[in-house]
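First the structure, in the form of structure tokens, and then the observations on it.
Lettered A, B, C and D in written order, each chain numbered from 1.
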Amino acid sequence: MTVAQEPTGLNFDCETGNYHTFCPISCVAWLYQKIEDSFFLVIGTKTCGYFLQNAMGVMIFAEPRYAMAELEEGDISAQLNDYEELKRLCLQIKRDRNPSVIVWIGTCTTEIIKMDLEGLAPKLEAEIGIPIVTARANGLDYAFTQGEDTVLAAMAHRCPSKVTSEAEKEERNAIQKLLTFGRKAEETAPTSEPKHPPLVLFGSLPDPVVTNLTLELKKQGVEVSGWLPAKRYTELPVIEEGYYVAGVNPFLSRTATTLMRRRKCKLIGAPFPIGPDGTRAWIEKICSVFGIEPQGLAEREAKIWESLEDYLQLIRGKSVFFMGDNLLEISLARFLIRCGMTVPEIGIPYMDKRYQAAELALLEKTCQEMGVSTPNIVEKPDNYNQLQRIKAIQPDLVITGMAHANPLEARGINTKWSVEFTFAQIHGFSNARDILELVTRPLRRNNSLKDLGWEKLVQEEATV
Amino acid sequence: MTVAQEPTGLNFDCETGNYHTFCPISCVAWLYQKIEDSFFLVIGTKTCGYFLQNAMGVMIFAEPRYAMAELEEGDISAQLNDYEELKRLCLQIKRDRNPSVIVWIGTCTTEIIKMDLEGLAPKLEAEIGIPIVTARANGLDYAFTQGEDTVLAAMAHRCPSKVTSEAEKEERNAIQKLLTFGRKAEETAPTSEPKHPPLVLFGSLPDPVVTNLTLELKKQGVEVSGWLPAKRYTELPVIEEGYYVAGVNPFLSRTATTLMRRRKCKLIGAPFPIGPDGTRAWIEKICSVFGIEPQGLAEREAKIWESLEDYLQLIRGKSVFFMGDNLLEISLARFLIRCGMTVPEIGIPYMDKRYQAAELALLEKTCQEMGVSTPNIVEKPDNYNQLQRIKAIQPDLVITGMAHANPLEARGINTKWSVEFTFAQIHGFSNARDILELVTRPLRRNNSLKDLGWEKLVQEEATV
Amino acid sequence: MQAKKSGRIQPTGGRDSMKLAYWMYAGPAHIGTLRIASSFKNVHAIMHAPLGDDYFNVMRSMLERERDFTPVTASVVDRNVLARGSQEKVVDNITRKDREESPDLIVLTPTCTSSILQEDLQNFVDRAQLDARGDVLLADVNHYRVNELQAGDRTLQQIVQFYLEKARKKGDLPTEKTAKPSVNIIGISTLGFHNQHDCTELKRLMSDLGIEVNEVIPEGASVHNLKNLPQAWFNLVPYRELGLMTAQYLEQEFGMPCVDITPMGVVETARCIRKIQQLLNAQGAGVDYEEYIDHQTRHVSQAAWFSRSIDCQNLTGKKAVVFGDNTHAAAMTKILAREMGIHVVLAGTYCKYDADWFKAQVSEYCDEVLISDDNGAIGDAIARLEPAAIFGTQMERHIGKRLNIPCGVIAAPIHIQNFPIGYRPFLGYEGTNQVADLVYNSFTLGMEDHLLEIFGGHDTKEVITKGMSADSDLNWTKEAQATLNQVPGFVRGKVKRNTEKFARERGLSEISLEVFYAAKEAVGA
Amino acid sequence: MQAKKSGRIQPTGGRDSMKLAYWMYAGPAHIGTLRIASSFKNVHAIMHAPLGDDYFNVMRSMLERERDFTPVTASVVDRNVLARGSQEKVVDNITRKDREESPDLIVLTPTCTSSILQEDLQNFVDRAQLDARGDVLLADVNHYRVNELQAGDRTLQQIVQFYLEKARKKGDLPTEKTAKPSVNIIGISTLGFHNQHDCTELKRLMSDLGIEVNEVIPEGASVHNLKNLPQAWFNLVPYRELGLMTAQYLEQEFGMPCVDITPMGVVETARCIRKIQQLLNAQGAGVDYEEYIDHQTRHVSQAAWFSRSIDCQNLTGKKAVVFGDNTHAAAMTKILAREMGIHVVLAGTYCKYDADWFKAQVSEYCDEVLISDDNGAIGDAIARLEPAAIFGTQMERHIGKRLNIPCGVIAAPIHIQNFPIGYRPFLGYEGTNQVADLVYNSFTLGMEDHLLEIFGGHDTKEVITKGMSADSDLNWTKEAQATLNQVPGFVRGKVKRNTEKFARERGLSEISLEVFYAAKEAVGA
């Protein structure tokens, strides 16, 4: 494998504190949208259901393609037969929605009561005739975005290893189809075999971003054979032994491991394609693995930086504190340091130093090049302690979960919700502006309030 | 002509007082909807425009198929050329909306400044190639619903007197088409010549009511050749000398006169088809003119009355006072007396005793048969005096314009807006329920409040 | 006692089976407990729960735009804690928070998840109490048997009882009533539906009546003052869902009378005031509020006049569906039916545990009662009944959006829109005004949409016939279909159904124009 | 002088030409006069006009749900009256009404229509005054030169001047100021946009500031009390459209200072209070309102906190269009731009007669200023600018409905929705709360609709591609079109336009995926 060595110049800490992130079952909120023929069934308690309904802001979408299998006292106390109960619900889902796949999302509760989802699924799948994928997106083992990791790791098992019919091949290769559609016949007719071993990318991104990153690689002569996940479950990419795989998100270490160990793929360890620096590094790394000399990337990156100048002026020299939430922290910090910011602390729920090795190395390099001190990386931070540090440091911006934003603002600390970076389109060259649009919004807003002399409006309200 | 003699047993009065009705230009609010390919241009002042916008409750429909030609000081003072100004606006309308006809609605202002709309229209019509119909729907000569009368009288001139092509005949006979559509070919193939001279009905009614009345007559073997107005200007009915015509609304005396005098039609003077009694009388009168013996009408009427019993129980023996607004007063009073109500006074803006002769005769007959005293009919009533009379009489219900309803309610007097009868579907057998639904609504509502002991809630508020 | 690591809790006789749920009307029990704990001043809650279960803090911060940090800390249960047992961590977190912020009281609660572990949490609390300077209490609720509302009711009662018994033991319990008539307002809490504004309005009302507010609990209350509760002349419990257990406890222990009539709507507000008058006079106050009621009804509140006005007359007999919690659904049903002459075709509540009360309250004011927390059942009922307006929760608002039926929101589950910045009480006389606006706007904005639909198509020469699904076993002739299409959209469905019913009853397989009109005459279709 | 039966009035130099009008932002002049007359207590207006011109009574009765009969009587002009001359009828009607209801004052006004007759109405009034016990006055406005707003301003000034001069002649004019600081609130009138609630809020504000309200005019005022106006320490004119002429007259004649800063929004309310402080202290009062302002801003009003909260942060830089009367459009522009960080792309007013003031007020807070009373021009501007929200009149609300852009209504023309029963002031500190709600709900409900649009199509296995008119001179490749279709609906139009602009500038006739992304990078499309 091509994973880089662990960097050494960074300071890692693990507070194992009481910290807040969203529950990993959150991932259904974006995965059910991404995989259009799916249905997600979260098997848990009222606590799980109420979370999805309220905190994720999805309460307005009545009957989306996900639901709760709400465990009642009878289920918990094992008086009822799990198989029969789940069968009843899945048949109902089949009748009402007829999805191509049902994804069972296990929760803390299914862990604690040791419900054997992995054992039940194959049997039920065979009986009702709909694929059932199980993922243990529980809060005992995972934080927030890692829910996606558990689902993708489970789906990695379901990617076909060989395609028999041409028709299916056609379907599986939907991206290629999209990109060549409308071209003249002679351009595409001799389906040119790619000049490198097949490459599959993993990580759930909105469709426009998928197309964009695919195109960026295509420009360099790199063909993407497929994405995990695809727009539809029936279009999951073919994965054969020896295929190369690369991740686009920093929280997919389990998926990476599964692809390497179980599907015998070769992982390309690169920084993540977030920010123009990260995107360039990601493309370069992929090209280098395939022995391709990338063309015009430096100019491309420079041009993007140039177009960001109006935003950069707002943040240069300012400090940003990551409380830690969605595991995008390292990549975002690296990009913002490159933008000229300083980062005293990066809180992060979980730090896989191997999977994130290339990203950590780039972070270190970026700090050196920008001449700023390296951030303190705090795994499983203690939010109370962090608030004390924020009070002491008075950073210009705190990127934080939703629970702390309003109280920090009330104390005169600029904040940005970390969760917005989870939902916004932040990958690739074109989306760098969108990251900075988010990052600068509180600064721009509070600048305009400051001009008014309203700064002390709430600052004296209370002390942290 | 077949108009009946003026009745003698009724008491008529003319107060020539200060009374309130809506301006006759109101008619554009329903006529532009009825005639789907029309555009109505009201030529008047800000006062006219603001009325249409506010009082008619049509302010929510931005850019309907009517507009104001707003006369500015330059127009009033005759500094500007009326022809050129109107041409400019009509060309703009042609460009933006391309209607089949533009109807110029004259107002008090065009009367006072003696703008020669009738002289300008033919010239402009020839120049821009769109028919222009002019109607003097002004408040100096007319009240509220009479605006429709002025428009229909003007349109009566535009009904073709002879149709040349078969295609046009087909188009002009859209109603017949609708009614036979879907029937087997043999039923309609030999276009059976009606067994009576052609009959054209006049009065603007919603399409379902048009169909309904047409069907009612068809059941008796009476074919309706056309309606004035039709759904489209291009479908105005053919009118030849000697055709029979019958009105469906009591405020169309000018249209009736035009059809008789200018188009040499024969007017069938009948009560109006409002309420089961009026509808039956209307059909009977038409049948009698054509020498047809109506079938099953008495049973039909009886059945309708039976179906109204739940409403009748609410109003029997109660009194209703008409302040006078939309000229539907005589017909409604006649129906409500037949329902068992008493009517101390019928205010009415204008009373054409010849055109309404049959209706007045039926009113008188109805009073006799129901054993109640005949109402006092007050033309051009004085609203202030009426309020004194209402205070003295304390009727169970007052049917009144919008300006007086809330203050009367605040004094414990039940009211119903007269304007609702203008807009509701009240004609024919089937719609009798709808009239009673409206009439009984305040009684039902205030009954339920009365049960609560809230009657004195606002009654002591002030005295009339 | 250590956590039973092997899962499943002991059978307890529960027979409910796994449920497919898209939507919940009430939250899980721990949300109720946390609402109570964080409503008090200087009370902290420790939530013994896995990562992600602590979203209560997000709800409070985001929905209420709360400026302060929510005083709830999650003592995170992860794989390690599971393996080692959680006692040490929980006790550490309690004593740590006691040191850090010196709360008067720390309330410990598990969530649905951690309650399965069946740990002896009382023992944790007892252990922590040894070191803590403040009080420590375990919220006593069954997380699988009760929901947010019941748990909140119970937790409030538990805390009140705790401090009253504590004061009694210390001989620190004031026994005399206040000199002037006074009231405890019980049940105002954080994340409650319009609670803040209701509380302001109730205080104004009490002030108008010359009644001192002794305590408001739990919102903004200090646990130190709970011992003063018995000094009030009576308790007012405006919401049926929160406070009744406390009031019952206070009645049993201290003989305090309770007014549990929700002062929502003109009639019920008057009834509430009259009940207060009766209780005060029974204690020798000699008050007469009739003149006040009359003045408010006729001159201050505009709601009674609205009921009589022409605007409201036009709503007479219109059909409405009401759904919500017991308090708001019952009050709204009464207002619509009794004060506005609106025809409530269905009144429903998701408070299944208190269904008898609801039925008794609304039965005479509506055609049908629905007791259910299955949003699908409510959606189906609304689709079937096709009311002109709905008064329900955010869920019904979205059902209404789909069916193109306007909906006024009258009850929790709460949403940021239920924390308006402007003054919007539902209770008291200003509440009657706000409710009248809600009713009027719901109906008229719905009507406006329909009018736009009707007239929208008339802009051009081309008249586009609005489509309608021909989804029917009966054959409509073209002319009948055309006539049906002329019926305004908002009643078309009803007309269609009634006509088809009429045809079916007569064994007709085709609906001609004649059948259409015959149906209209026969059944008023 | 008899009516000139032959029509056309004398040339007066007007050069306006006939106008095609679908919508009017301000009513005709007589509406303004009638609003003033019927606001006063016991004043009656006689409208000399044809049948149908008297719909003012309908508006007042229906929109304000007024319980009393509107004190306006039409002296009907019909064909007979035209022929005979109207003097006798008008005089009869004035003296009749004087007998019937004994009003303190009868105001005579023609309408646009009857004013063309160029009768000597002053003579009619003089004749009527001979018999009438009350006062009789002819409203002095030019019905073709001024609109409702200007006419109202003028009529109020005319009545005030009439009674002050009358009192002066009688030696009946109190000259001393009140003992405590006091204010006249000028410009509250019937059919005014949220005037009733604004007035309540202003009275509360004055009470908080320790300022007595000397008179509120014209709403609810008696003409007998007008002579007391000069006793106040200053005049407050909250709305620029109504009251300034009166205040100027009082300043000229009696040296009364005037505060004409509309207290709408946190900043302007503070500025208004500081101006009051300055005027009072100049008269020796010695007040200091800074602490009050600070307390209200930080603790009572929630608007300043809303501005700082995360909810409002998410509105930062969003585009808005503002349109309305001078008062509300200017105040709203300042609130959005200055207090909430919202990007006002266009601020406009229909008060063309007072355009300079508006430009001076808003220029620094918006990209573009539009002075127009042509609703088509405003509609076109909104369609072009595609803001995320509109703050305008009912007209803009309907433009927004068509374009699927949410609109908060902030200004007249009035509509029944602007006469809410619940308390909804726009002015003062509670007004800041109400405005914050309006802003927040406009943006978020718009967002909700878009989210529903985006997610609505994902319910089933079949993914329906949302159509979009291919109305363009450029050729979009299928893949670029597909990608464009993935852009959320509410920005899709903008992205499409920017991409095409980018392509045109580069002479490209086809938009491929590559061009699409290049455009995004280049112009942030």
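In the analysis below, a residue touches a chain if its C-beta (ideal position, glycine included) is under 8 Å from a C-beta of that chain, and two chains touch if they have at least 3 such contacts.
What you see is a predicted model, and the numbers here were worked out from it, not measured in a lab.
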item: Of B-D and A-D, pair with higher C-beta contact tally; value: B-D
item: Centroid spacing, where centroids are CA-atom means, of chain B and chain D in whole angstrom; value: 37
item: Inter-chain centre distance, chain A versus chain D - centres from mean C-alpha coordinates, in Å; value: 50
item: Whole-Å gap separating chain A and chain B, where each centre is the average of the chain's CA atoms; value: 67
item: Residues of chain A whose C-beta touches two or more other chains; value: 60-61, 63-64, 402, 405-406, 410, 458, 461
item: Residues of chain D engaged with two or more neighbouring chains; value: 62, 65, 67, 305, 309-310, 452
item: Overall pattern in which the protein chains touch one another (line/ring/star/complete/other); value: other
item: Partner chain A, residues of chain C touching it in the complex; value: 6-12, 14-24, 27-31, 49-55, 57-59, 61-62, 65-70, 73-79, 82, 93, 100, 111-113, 116-117, 144-145, 147, 375, 379, 394-395, 398-399, 402, 413, 415
item: Residues of chain A touching chain C in the complex; value: 18-26, 44-47, 49-51, 53-55, 59-64, 67-80, 85-86, 88-89, 92-93, 107-109, 112-114, 138-144, 349, 384, 387, 401-407, 410, 458, 461-462
item: List of chain C residues in touch with chain B within their complex; value: 267, 297-298, 304-305, 307-310, 312-314, 316-317, 338-339, 341, 448, 451-452, 455, 458-461, 463, 477-479, 482-483, 486-487, 513-514, 517, 520-522, 524
item: Complex contact set, residues of chain A against chain D; value: 32-33, 36-37, 60-61, 63-65, 97-100, 178-179, 181-182, 206-208, 211-212, 215, 303-304, 307, 402, 405-406, 409-410, 415, 417, 429-430, 433, 437, 441-442, 444-446, 448-449, 452, 454, 457-458, 461
item: Chain C contact footprint on chain D (complex, rising order); value: 62, 65, 67, 302-303, 305-306, 309-311, 401, 416-417, 420-424, 430, 433-434, 436-437, 440-441, 444, 452
